[in-house]
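Encoded as structure tokens, the structure appears first; notes follow it.
Just so it is clear, A, B and C label the chains in written order, and each chain counts residues from 1 on its own.
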Amino acid sequence: MGHTLSELASRLGLPMHGSDTVIQGVAGLEKAGPQDLSFLAGAKYAPLLKTSRAGAVILQQEYLDGVGSALISTNPYLDFTRALRLFATPQGCLTGQSDMAYIHPESSVDDSVTVYPFVFIGKDAQVGKGSTLFSGVYVGENCRIGERVVLYPNVVLMSGTSIGNDVIVHPGTVLGSDGFGYTPCATGLEKMPQVGNLRIDDQVEIGANAAIDRATLGTTHIGAGTKIDNLVQIGHNVEVGAHCILVSQVGVAGSSKLGNRVTLAGQVGIADHLQLGDDCRVGAKSGVNRSLQGGRDYLGSPAVEAKKFMRIAASWNRLPEMGKRLAALEKELALLKTQLSEEENEQQ
Amino acid sequence: MGHTLSELASRLGLPMHGSDTVIQGVAGLEKAGPQDLSFLAGAKYAPLLKTSRAGAVILQQEYLDGVGSALISTNPYLDFTRALRLFATPQGCLTGQSDMAYIHPESSVDDSVTVYPFVFIGKDAQVGKGSTLFSGVYVGENCRIGERVVLYPNVVLMSGTSIGNDVIVHPGTVLGSDGFGYTPCATGLEKMPQVGNLRIDDQVEIGANAAIDRATLGTTHIGAGTKIDNLVQIGHNVEVGAHCILVSQVGVAGSSKLGNRVTLAGQVGIADHLQLGDDCRVGAKSGVNRSLQGGRDYLGSPAVEAKKFMRIAASWNRLPEMGKRLAALEKELALLKTQLSEEENEQQ
Amino acid sequence: MGHTLSELASRLGLPMHGSDTVIQGVAGLEKAGPQDLSFLAGAKYAPLLKTSRAGAVILQQEYLDGVGSALISTNPYLDFTRALRLFATPQGCLTGQSDMAYIHPESSVDDSVTVYPFVFIGKDAQVGKGSTLFSGVYVGENCRIGERVVLYPNVVLMSGTSIGNDVIVHPGTVLGSDGFGYTPCATGLEKMPQVGNLRIDDQVEIGANAAIDRATLGTTHIGAGTKIDNLVQIGHNVEVGAHCILVSQVGVAGSSKLGNRVTLAGQVGIADHLQLGDDCRVGAKSGVNRSLQGGRDYLGSPAVEAKKFMRIAASWNRLPEMGKRLAALEKELALLKTQLSEEENEQQ
């Protein structure tokens, strides 16, 4: 798995500095050894360069002074990400299609697809070239799975779910389960059948044990390049734009629409039927109960503009003291009024 | 799968208006085509009637004017829910009991039960008539599953869990796992064995990747008709009444008791050992740290009555400005006092 | 499964009081019958002693008066926990290694390991003595599993995950999935390969449907004796100390470090790259956005010291009224100033 530094320079399209060396792995500056490639992400970490034992470092031109072997980059973090790809081993240890899997005779699975034991593929399901289905995956009837898709163990696709190319779904995640819809009736709650479906576009990645519901009618939709973390919940008929980031434990309630490049930090909740504009960012643990304009930052529960929330939260810390000051003022003013009225009485 | 409108009128018990037509599917007013049945839920959407291409609409008598084919209803939303049932296809593509499943010889599984490949059914487990167990379901020893129950892929029932009739459990949900109980001891934390169980009554529905724990002693209980959404956590010894609604990512801590028809909105947390009265409703993201009277709405963390929280949250927005006003008052009053004392000195 | 009380006394090392009796089970004071062992945890429950039908009670010496059979303990709750162990039946109904499982020929699984149907064990994985792998468990390549480990149904260990001895993992939990790391680039978000791993020490217990990510580089680490509840999320490169308690639905973001004996109550969120000192405790639903000193209690979002938060939350309840008092003061002061200026004019 080793590469020479000059080979890495060539594959990453970066100028090399210093002598060539063999690189066996990747590590942060503090833990890297003489056979590791590391990186310098910013001025804050520059002092580590002196003590690091790294065999080579990806860094900006200005930090070259005194460094042995290096690759020069205008964006070291991005180029290190690309270097990592050359050292990462894909998960898994099998190829081919296991005879301990169940593949419905009326499904269409490309010969190049890897199917682990205990995979279930239903009727009229299609799985595209180069995809991998790990142990315990369930693909319901009429599902469409694109090319080079990876479904990790125990991922579930309910009927009619469609997935683009180059999608990754981490273990235990459920796609296309019923939305949560009931109508009150005389005897309790009548289930609203969920007859819509779920469509996931190219290059989406979804974390472990997440849940994305099918639409009641129509389609729940996740746009291309969007990244969704572990334990996220997305309700029925939600539409998520392209290149969004939904961090762990976020919940988006039914029929809400997120624009492109929206960021929702950890544990954020979005109420139902809202619209969030392009490029808006919502801080961790916020609760959003109204539609949000794009291009801005929001925070708090109920969420307001982030700068405003910072001022509010600062005020909270002064609240007990403000209460005392208010009481003191009232007392002082009452005293003053009493004094004035006494003086007036004396003057009369 | 098509139905004539007159047939639908008869099956739903609704008067038909206009000419008969063949209905192939269901859709909202905006997307419906000439072969779709749609519905008008309220005055707000009435303008859509004029432009909708729907073949027929379920609506109230008062909106009939100018409409072609229709079914007349006093509760269009509920009747549309019922119509949906006639068009919904149940999930799944197999029948019978797969020989790729493991069914313990000392279990009792009715002949009418559908058992997918890779299902595990343990010793002394019982599964009632017409139930369906999808791929990857685990039914522990001594479990009791009623009739017409659907357990979607990878649902897990730990030992001794009992489930009533007409229950639906969505993929990946875990029922009857150990409660979270430890006793501090000299060497750390001693596990409290969880020897109780979990009982789920008729017509309960539970979403994907939820977790409901068995009791430490006794029984964790979910009452009839209650609906639980994805990723909900219910702790040991919790008792949930009948016809409750627990929205996604709710957490209910150990030994708390919910009455009937309680609604907990998304991401609500209920602390342990609390009691929530019948018909109380808790707004999204609230944190409940005391018992709540029934029949009221609550909001906030810590939760208070919803109206009160609305006033508090409105005050938060004014807090930074209130701080300034308070400081201005203090300054003004101090100034006034100085002036008065100077005047007094002059007068003396 | 019955035991005589004298046998229990001997096994628990506790003095017996009253006559010997046969104990068949365990229950709380209110539900216990003549063949049950119960316990008295504190003065609050002492009145129940008179009406309880329990066959025997574990209690402190001072409550012996009037009690029939008893075991005398200085820590009844802990000794009852230990007694429960003698009555608890381990889950499961199979032994041996099922030929419906897939065990890679180049893995190393001890003969004493129980392997259920539909278990997958990958290349170069090791499973130690006396461990049990329930149905649907996936053990990726190069995993190390210690002795007496229990992996409940559908638990997933991604490649290279290592687990100590006496670890319990509840159903559906995912260990060692990719961390959530992306680098912005011209075309969207570039996946940062996650080439690190996950290490879990002895006597850790992890609840159902939780997710713990592998490190980007290096190791995500869970210290010995730590207990993690259902639906908890732990990000890449997090380090959790020994004997911590992480209650349900907690989320800990990437690279944060928890000391020893840290308690995070339900639904707490910890932002990334923070440090929490030994023995600090964070109350339910708190959001922590800065590092916390050990040995203290915190609450709120953003979290502050618990006592301070209690004062702040009390102030919230008075906020609407404070707003009115502030307005009243302003009005009163303005009026006073007008009066004084009028008086002054009169005097001139």
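One rule holds in what follows: contacts are C-beta pairs under 8 Å (C-beta built on N, C-alpha and C of every residue); 3 or more make two chains touch, one makes a residue touch a chain.
Protein names from UniProt, one per chain: A, B, C = UDP-3-O-acylglucosamine N-acyltransferase.
Treat the numbers as computed from the prediction; the structure is a model and nothing was measured.
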To bring the C-alpha trace of chain B onto its twin chain C, one rotates it, in degrees rounded to the nearest 5, by 120
Residue numbers at the chain A-chain B contact, same meaning over half shared and different meaning under half, come out as different
Separation of the C-alpha centres, chain A versus chain B, in whole Å, is 25
Residues in chain C with touches to at least two other chains are numbered 100, 118, 136, 154, 172, 209, 231, 249, 267, 301, 316, 319, 322, 326, 329, 333, 336, 340
Residue set of chain A touching chain C in the complex reads 26-28, 31, 77-78, 81-82, 84-85, 87-89, 91-94, 98, 100, 116-118, 134-136, 152-154, 168, 170-172, 203, 205, 207-209, 224-225, 227, 229-231, 242-243, 245, 247-249, 266-267, 284-285, 301, 313, 316-317, 319-320, 322-323, 326, 329-330, 333, 336-337, 340
Within their complex, chain B touches chain C through residues 100, 102, 104, 118, 120, 122-124, 136, 138, 140-141, 154, 156, 158-159, 172, 174, 177-178, 180, 182-185, 187-195, 209-211, 213, 217-218, 231, 233, 235, 249, 251, 253, 267, 269, 271, 287, 289, 301-302, 304, 308, 311-312, 314-316, 318-319, 322, 325-326, 329, 332-333, 336, 340
